[in-house]
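In what follows, structures are represented as structure tokens.
Presented sequentially are two complexes of subunit A, the first with subunit B as partner and the second with subunit C.
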Partner chain A sequence: MFSTIRHWLDERFDWDGLMAPLRHKTVPSHRLSYWYFLGGITLFLFGIQVVTGILLLLYYRPGANEAFESVQYIMTRVRFGWLIRSIHSWSANLMIFTAFAHMFSVLLLKAYRKPRELTWVSGVILLFLVMGFGFSGYLLPWNTLAFFATKVGTEITGQVPILGKPMMIFLRGGEEVTGATLTRFFGFHVAVLPGLATVLLLLHLLLVQRLGISVPPKLEVQWTANPSAKREMRFFPNFLLREMMAWYVALGVLGALAAVFPWNLGVKADPFVSAPAGIKPEWYFLFMFQTLKLIPSRVWFIDGEVLGVLAFGLVGWLWVLLPFFESDQPSRMKGWITGLSVLALAYVAGMSVYGHLAK
Partner chain B sequence: MAILRNKLRPFRAARNLGLAGFVVLAACLGFGQTTNSCVDCHAALPDPLGVSQEKFSQDIHAQEGLTCTSCHGGDPTSDDPDKAMSRRAGWKGKIDRRQIPQLCGTCHSDPAYIRQFNPSLRTDQLGQYRTSVHGKRFAAGDMKVAVCTDCHSVHDIRAPRDSRSTVNPVNVANTCAHCHSDAAYMKGYSIPTDQFAKYSMSVHHEALAVRGDLSAPTCSTCHGNHGAAPPGVDKVQNVCSNCHTFQAQMYERSSHKKAFEAASLPGCVVCHSNHGIRHPDDARLGTGPDALCMRCHTPGDVCDQARAGLLSSLTQLEEAIKSADQVLGVAESSGMEVSEPRLGQDQARDSLTKARVTVHSFRTDLIDQDIQAGLKITAANLKAGREAMVERNHRRVGLGMSLIAIGIVLVGLRLYIRKIES
Partner chain C sequence: MNRRQLSQPELMRRRVIGVFLGSGLLASFASFIYPVLRYLVPPAVADLGGDEVVAAKLSELKPNSGKIFRFGSRPGLLIMNGDGTYRALSATCTHLGCTVQYRNDLREVWCACHNGIYDLNGRNVSGPPPRPLDVFDVHLRGDEIVVSRKREA
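What follows is the complex of A and B.
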């Protein structure tokens, strides 16, 4: 039956010709090949987000008077609503984690090098978009923690000189976090960000397909010197089947987290109560939040928080352009970006743990 | 040099102008300054004559511009003690205790005068004082009873809203206890001196002093401050209804009201006592050491049976609330969404509180209405909690089956990969 369908498609659309690149695509096989799964797992989790997000949209109602109640309805009345919402929330967090892990693996395996600079650029921008998904989606249940986290988060945006205040008002839909902010964030979360992410994701996948998968420099040198030592596996079906195994493991982890630790709904946001003591952002913003807390209120003549926000903005831009700072000369390739990556990883992890433990 | 001199000219002019201004300002301050020879001398004297500038500056009267002469007369501008404290200058010396209420009343009973400083301040204190036990005894010549300065202090009188004031709600009990807990001082008045000790263990003291609830009662809330009782109350024993409105309304219509009046018993105080009021609990309806009803009623009579029924109903509702709380707590800690029944538990607790208030009607039918309402709510919440637990177990079974299915697929994939690669 499958061969009949295939023949039918091939007759009309040259199916075999379309699938040829997949059949010829190979993946390097070495002891670090497992790191290649991270991108695929992130893509799988993104797919889960799209599917569960669409299902949530069937019942979710954006608005200060309805959002919390509609999520409560999803959690308590809609059949398997609790599962869909919990998987959406857990999957979001796992996706951000795997996206970070993918980025650092690319850095440490030096996969960003020429000719893959644009793959890196599109990937880092995708990571920023994913964090934007997290920030905008966090407010949607309209609970107390989300309300105040958004208030603090948008206030930090307001610290940017000149553009900060207009940006804050644009994000909030006014001076304060209100129902207008919620509907605005809903728009970002379900229309603007998915549109941008889809375009960038297609570009990212196209570049990966076009440029192939990178091999660590040391191995590349060995394989160039001794081509018989080169090991590869076919992408389809060998690598894809392994990738599917990783997806199934991710699915099992997601299901276990959703069933044993369903995502908490919290208490409905009340703009007139004071912020809960020791309020913190989601874990993926914690390293930035903790850094801003540690900067003195004034550094020379600049406000400490403004300095922190500007520094993070600058570091973000430099991070996007990181591959362009590395020399093409093999002798000068070694060293500093790997060292910087290890330092950045230690900083992000250390500050996140410190922020989590700090009162 | 000439150019430089010309450039400096405006600065020199400004400097000269500044110097002139400083001299004029210093002269004004020096000549305008008034001397207060009272404080100059009394600051150096030991108590009770010692009054420092620092102490007097804390006094609300000093802050409003009044001086020593406002009460004591004399001439504080003179450094000569004979002139400053001369009768010709109107000096009155130490105010005679018999004159204190009248002296304070000179201003505090004058609405037009007081309005200048604080339009909301009452001016009936002296009149009220004369109706009080203190005032009546004072008028009869008893100089041991409290006058204004005994409660408000003398040269450092603070507004009652100031937490350091001796008449701030938090400090009133201590102020009263200064005399009323002194057995030697109170000897001859034939009233107890353990009020403060009892009050210190009461639910009212805990609310006021421990929890900082300034609406909780202190001595003056029930006994009045200047008058004999708070406004609107004929007797101190009826004062409870000022705060405990519903209990009072229930009691007013109850059979106990008539019975207590017939026996000349003082209402609320019969069961709750007066100064040492403890937190009421259901044990008061029991037969143990804290039991109240059985002090008057006979075991086995109709009232005793009603008491036992009431206690049983209240206990039943309390236990039902605890059971539902426990189940909902476990469900919540398992991540189940039970905020609605949790909210419903507050309604059940309200019903229990209402039933306890209704006890003051001594009518079992009314109390039963509240109890049944609470039991109905609790049963619904308990059901919701149990359903949440069943749902939790279903989820875990579903998870187990899903993980087994995923495990089988993983093994299948692994075997398939091995097959195609061999």
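What follows is the complex of A and C.
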């Protein structure tokens, strides 16, 4: 039966030819191979987001008068609604974490080098999109925390010189954060971002498939000198089965977190109450939030906020273009990008912890 | 890779382990699918308003006229007869669920969708409706007209 279908497809589309690259694909096998799982886990969590997101859409209603109530309805009345929503929230957070971990592993294993510059670029843009998903999705339950997080977040956008104000109004759908903002964010979250992410994701995967998997430079030198030392694993089924085991574990962790620590709904947003004390953004924005808090209100002749926003913008652009700064010369390969990435990692981690502990 | 021919007990052991792993996996997949299937079925909507509703004020209706009122999540039809008595029926046509109306020219209840006609007791007298409309009880309380479901006898 199975082979009949396969034969049918093969006759028409050269199925075996299409699948051949997958069969010949290999994954380098060495002591750091475990880091290769992170991208796949992120992809898996993205899949979970798509599935649970579609499920939530069956009951969610955007709009200032309905959003909170509909999420409440999902969590209290719909069977297993609490679980689905909790998994969506937890998986979002885990996905951002694994995406960051994937990025830093790529940095430290130097996988962004020629010829994989565009894989890096598409990956970093995907990371930004994922953070956009986080930011827009956070508002959708329309609770107090989300309301103020969005107020602050969009206000920060407004700090950008010249373009900031129109951008803020575009994001908010007006001067203030209102139901119009919620409708927009809903559109971004369920239509615009998924569309962009799908295209970029396909490109990213296509590049990975086309270019194969990178080997750390030191090992690459060894393997080139002594090809018999080269160790590889077939992608299908050997690596994929291992990857699927990692997915299964991720699913277990996710289920446990969602069931044991179900996500709170909080209090319905009210534009006419003051912000609660100790309000903070989600953890993945904390390092930026804390930096902005630390910059003095005026540096030389520039407003502190403006300076911070511009600096993050600049760093973001440099980050996207990072592979293009690495020299081709093997003698200078050791070097500053690794140092910089360790520094960046320490900065992000340190500032996040600081932001978490700070009053 | 060189493959050794496995002996019979070894093959058996493999099969046992395979069955255990496989059934464990299947059971866990069932535990993922089950919540999703339950989630897909919408919860029963509680019929808001219970068994009784204020359908209208006394002054609202003229003799020989009707009014649609909200009874829980469905519409009801309140009719004031020519003699000043009231009558309340379900307004959902038993044919395909349209909302019926009172025709003061016919002194009957009419469904505009497929020309179904009921008499004032809710009986389906012509057209496609297969069953009569539910009849509700009507009481007067002060200046309010209260409609309630008929108690099951």
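Please note the rule applied: the second predicted complex is superposed on the first by the 359 of 359 C-alpha atoms of A that agree within 3 Å, B and C clash if a C-alpha of one lies under 4 Å from a C-alpha of the other, contacts with A are read in each partner's own complex, and residues count from 1 in each chain.
The rule is simple: contacts are C-beta pairs under 8 Å (C-beta built on N, C-alpha and C of every residue); 3 or more make two chains touch, one makes a residue touch a chain.
Because the structure is a prediction, the values reported are computed rather than measured.
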| message | Let me test your reading of the model: by the given contact rule, A:84 touches which partner, first (subunit B), second (subunit C), both or neither? | response | second
Item to complete: Examine A:238 and indicate which partner it touches, taking first as subunit B and second as subunit C; both and neither are also allowed.
Response: first
| query | Does the superposition put A:261 against subunit B (first), subunit C (second), both, or neither? | reply | first
Query - Touched partner set for A:251, first subunit B, second subunit C, both or neither - result: both
Inquiry  = So in the superposed three-chain picture, is A:53 touching just subunit B, just subunit C, both, or none of them (first/second/both/neither)?
reply    = neither
Original post:
Which partner does A:75 reach: the first (subunit B), the second (subunit C), both, or neither?
Top reply: first
Winner on subunit A touched-residue count between subunit B and subunit C: chain B
Note: overlapping subunit A surface for subunit B and subunit C spans 83, 251
Within their complex, subunit C touches subunit A through residues 32, 35-36, 38-43
Per the touch rule above, subunit A residues touching subunit B in the complex are 72, 75-76, 82-83, 237-238, 241-242, 244-245, 248-249, 251-252, 255-256, 259-265, 267
Note: in the complex, subunit A contacts subunit C through residues 55, 58-59, 77-81, 83-84, 251
Within their complex, subunit B touches subunit A through residues 335-337, 339-340, 395-396, 398-399, 402-403, 406-407, 409-410, 413-414, 416-417, 420-421
